């Protein structure tokens, strides 16, 4: 498949994630949409990894080009997991206080 | 390297130490000892450029004088911060050792952010800085504002992480590597005078797209407009000692990361995109300064002021020359010292509004004087470090960018606006009538604060004392 | 249209479709479930590209662990249905438009007419566990160790936040 | 030169010393001492002046250079005195009349408290000092120092009784109107410096003459006309000519001796002195000369008409002064410089005499100045009456009195220039005779109309003695200027002054009037004047207070043609209005509002910007996304498909 | 070294003064300091220009030195600064301030800043001192001023600060354009700029100086500040500090942008002259003596600024001498205003009147001061104004003709003031007595100077001429 398709797909998913962040008010959903964005990036990285591999393999069949991107994706997942633990902890803390996860109610701090 | 390793170790020490030490003062003392140790280790590396442990870095990290010097400045600020605000950190909540541990982890991230050579390390560094901060922000669990700030910070920070990753992905797509050197030398950046081929143009687009996204996410981290929105809310909501920490050390570290990130590509590529930086600078200066004018709370004003100061620090990104590096070091020092000083006094006050400062000069003449010096430094008045910080920034940027004269004029007008809100505090302290709040201040606190003020004035007269370390 | 292409289009449609469902469902539980479907679709793409390790990790970590955590929290909060109050029309429209424009802009920025070599689907050993493992523990030991600091801080953080 | 002239500096130094002593020790000196110092210093000057007068001989003026006042680059202004015939005559007038008036003042001002008495004499001495500087200065700057100095003293003396607001106003008015004229002088000086690179009289006039001779400076050269016009502007201020004359009548607020000295005899003739001094430039600038003549004549007529209807004795004299000064300017304008100086001299005598006489009357009448309340004073104040009558005769131009000679010389000069000038001048002279004798008759003739309980009394000797001396002078001073008509070569004054006006004399085409015509004019005019005198004498000796308001034209005259009101309306009010407009509108609501507005707009912006910080994450991220879009657009160069990037990298 | 001591004496004494207690000791202390610095400056003035330099390395990295130097212009202004301080301290020694020691300390710090400004031959150093003079002044105005002091002095501060920041851009830019990358005056005056650059940076510099002077329409901070500031500070502000602007134009603007100074002369002069007339007219409408003096000062400064740009030696010399004379005169006027305020508690003309009865000495001294203010011959101001008008006339007669109107207006408002305050019926201030000795001494010194300089100004010209050789070298 042409790399462009993957780029488009990733961008579309990414922007759906952005749209979710923008439109939803439930903090958890917003957070999920951010995860969706990260996944879109992961997909893009993997496809770029394959793209570079595809280019490099033409000259060197044993090439390992593209490995780093896949490891990067791995690290993203690691970080995402850590982030989720912290994020959900904060959301739960919030919920315990106000019994709501509506981010629009988060407006004690403004101006 | 020393910083990264020992900061991580210090974090663990604090975690474990917390299990055994119940007395909060002792915890603070332990943290201070760790901090001084970090400072010494980093000084050692700065002087000898040999780390304690030899680790094969695989090109992921690279240590330069700039990074180490900034580390030094930040660690010094950190030491001062611990001395001056240890008491206040103890008051935030019950998990004091954990707070210190998180702060040390942040320092670990700071070490990475000032030395990364690979986008992967950038990502990890920024995340190691961010995640503890989310927690520190939300750490005052009884305070709704703190919780709210934590959640806001977290959601927006995660969003910007997404943007950053998208940028990194695009850069990778263009260059096939995460290493800064490879990015700079990749074919995606057409060499001067060489006509780009159609293929390389595709990569160029991706690179530019990626860099713009990176720029945006880093702007977010340094709270440059219009990506600054988290800053006032978070700084306002977070427990004050942690606000001080975020506003100074973390922000400067993010700046260094920002600068390192674009250092290489600037000459070849982003140099042509100075307009973008100029727009961000202008927006940051205007929004930061103007919004700060109407604030009622000093703490929140300082948040906007930190945005405004970020605008000035962005000049280093605009110019990218040898002087810009000097400028950022000096600015980091001036800004950190002054802001930590201000926050240290603010911490001890009950009323954070401007009126809370009324008549302080009568009650605490020394503290008022010191506070004045700090504010003057932030405002960039000569004889304080802040003047030379701004001076270097502008001089570096002006050196070969006369076309952006309008930006400098705006910057200077904004500097004048900044005087407006900084001086409101001075006015309150000296000229308004009031009883002045009682401020608990131990002699050590005072001496250290005086030391900071002297440091600021020395740097304001002879900035070379600090800057010479950049070169040998 | 060979099988790869068919799978590609199917998985893409699935991913986009379920992603849209994620952001449009009112009930957060549905959102979580659709997100899991999206993740599965993405894992499918990984497999198409012969990135088997990531495909598995994606399912285990994301779909398996993270999303379950989400679901768990949702259940804990009893946010199963209609807890999201009246939506703000302006917010939805402006959000959708902004995201749409962003998408157009990014795509337009990256769009070219150049025919680049197609990805060789299902080939290449770089995505295999064996290879990745070697590289991870040889070249990427520094970030690997550093991510431990990240986890430590996350752990400490969770404790700080979670402790009563 | 002779040794005598080297002591010229003594002349101004005596009054200066007097000023300093009286000024510094005013609280401790007794009135007698003050009077002696004040009068004595001027008398010493007078003595030196006489000495100088006799010492001035020949064509070359004596210039004494003391030190460099200003010397910067090309500007070199020495502090130097110039003694020649013109200044010698003025010195005599100033110190001579000055001495008399000082003596007179010791009696007139005796009622004042000692410190005010001393203050008065200090001012008076300072005035003499300034006036001497004015006439002795060897360049325009020193002259200007004196010029401003006399203005200042005039201000101080008019406002001597400073508790009276209207007096202060009068003083202020005098000073400011003089200042307007001074601007002219200053500008003229600048122009002179630019054009001739010197302000020293000798070098300047030599340069003018030389340039004219060399053909580089034509008659009516624009620069010259400009310079002379500006100088004349100065003269109109100082010498109370149209349009700046209105201060002089108001200046009568000062003590009467002051009016006599400053506002009749000396200061107001400074303008004439200046023009006479600069005669060569005025001669070459014919346009200006014509303007001077016309303005002089117009002033003479206008002031005379006003004087016809005034009831305040000092006001009549004041307008009379303005009118007489107009005559002098007429003389200057028609090139009869000697005539002008002659009239200055005779006028100094008879006008000082009349002012002092009026002062005596006022003194005797317990500070009543309204003539309608006088009448029949001849009986009570015989000396005053007699001397005053001499003055009136002199000013009216009754033959053999001094005024006759000087006025005749002026009118003849005017006739030679243009008969129209002559006849208008004659009309003014007739009016002079009328109002002077109206004054005389109303004051001294008829029945006493004042308060019978406060009968007037004759003044002390200190006051009458100067009157007598002045009366003698007023009667006989004319004989130094006997016209050629009576006896050729008998005009002593003309011969004496000849070196000063030598340059001009060469340039002026001598209009000789036939002797027959001259006799005719002289006899005719004298006859009419005598008739007018008789009419006025007759009419106003029977004057009775009616209390009726003047109507019609009389009212216009009584109100001085409403000139003050007109000035008020077209200059003062608009200026104050403009000032108020600037103050309240431009300054406060304009510039300051603008400046504060900048600050306020920042605050306003601040308040608005705060709303961006809505506290809602969705909005924050929305703005961020929008910013991303914008940055992408900018980064890729705005075109829909970003083709611009190609040109960026593809050369 | 003597130059350094000129800065150091007030600086050290100023800092020392912070530690004094009581009310009398700081006054004495400050007076001693000011007399010391007067002595030092008299000594400095007697030294020929050539050997009056001092340089010490400062910021090696960008070639900025702590270099001082005095030419005639600087000498005149040093003398002014040094002379005015003792006079001010004597004249206001009866004024009571809370925290006396701080007040005098700040006053001395201002003096140090002023000295530094006048002596610096390094542009960065100049900027440093420029600001350093401002900050203590700000504190003085804000802490010890009138009711509206906080807003007013803040406006003053921000206004001048904006100007100096814009100038800073210019300084930095010019620095980068100097051939030897140096801030030295000599390098700046040799800098080569394009027309476009000249145009921009001329205005960048000029705005800063114009605000300081102030020139219409940037003057609005001034009357408020003068009115609200404590009188001693006002004296420094109007007597000495505004001279910084003119000094800077003469030292840092015209020599650095010679062509632009010629090209822009018309614009600047027109602004200045409008300002003169405008300020004079407004002065006529003021009720407060202080505001009147303030506006009068604007008019006078406008004249000096216009004359500086007239580009001829006479006018320049006129300005130099007038710098001193105006300083002396305006300080005298403020002393009178202060005396009136101390005696009656008000400076509103409408509330005053007839003071000449109660305080004849004051009245006489005021009249002398007023006469100097309207530049009557034989007072010092005449010499300067004469030369300046002369210079302007030589440049463009029309300008002189318009500008000179201000002399008449000056007479109007000055005489008005005299009349309303001193003349007329004595108003209700029965308690008013003759002014105290200290005021009389101070005013007498000023009056003596007024006449001395008015009759024999040549010594000052000789001082000023030392500028000519030095500054016209290029």
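List of remarks:
Just so it is clear, A, B, C, D and E label the chains in written order, and each chain counts residues from 1 on its own.
The rule is simple: a contact is a pair of C-beta atoms (placed from the backbone, for glycine too) under 8 Å apart; a residue touches a chain by one contact, two chains touch by 3 or more.
This one's a predicted model, so the numbers in the text were calculated from it and none came from an experiment.
Contact with subunit B and subunit C alike is made by A, D. Put simply, the chain farthest from subunit C by mean CA position is D.
Comparing chain pairs B-E and A-D, the larger number of C-beta contacts belongs to B-E. The chain closest to the protein's centre is E, with centres computed as averages of CA atoms.
At the far end from subunit B, in terms of centres built from Cα atoms, lies D.
Work out the mean CA point of subunit B and of subunit D, and you get 76 Å between them.
With centres set at the average Cα position, the gap from subunit A to subunit B is 26 Å.
Our note on geometry: subunit A versus subunit E, Cα centroid distance of 65 Å, whole angstroms.
Each chain gets one centre point, the mean of its Cα atoms, and the points for subunit A and subunit C are 6 Å apart.
Residue numbers of subunit B whose C-beta contacts span two or more other chains: 120, 124, 127, 131, 134-135, 138, 141, 152, 155, 159, 170, 201, 205, 208-209, 232-233, 420.
The multi-chain contact residues of subunit C, meaning those touching 2 or more other chains, are 91, 94-95, 98-99, 102, 106, 109-112, 116, 140, 143, 147, 150, 153-154, 157, 161. Chain contacts: subunit E has residues 158 touching two or more partner chains.
Of all possible chain pairings, those that touch are A-B, A-C, A-D, B-C, B-D, B-E, C-D, D-E. If you check the complex, the residues on subunit D that touch subunit A are 610-611, 613-618, 621-622, 625. On subunit C, the positions that touch subunit D within their shared complex are 91, 94-95, 98-99, 101-102, 105-106, 108-109, 111.
Interface residues of subunit E facing subunit D in the complex, by the touch rule stated above, are 155, 158-159, 217, 219-221, 278, 281-282, 284-286, 312-314, 317-318, 354, 356-357, 360, 371, 374, 376-378, 382-383, 386-387, 389-390, 393-394, 397, 400-401, 404-405, 407-408, 411-412, 415-416, 419, 422-426, 455-458, 461, 465. Across the interface of their complex, subunit D is touched by residues 18, 21-23, 25, 30, 103-104, 106-111 of subunit A.
Of all the residues in subunit C, the ones that touch subunit B in their complex are 106, 109-110, 112, 114, 116, 139-143, 146-147, 149-150, 152-154, 156-157, 159-161, 163.
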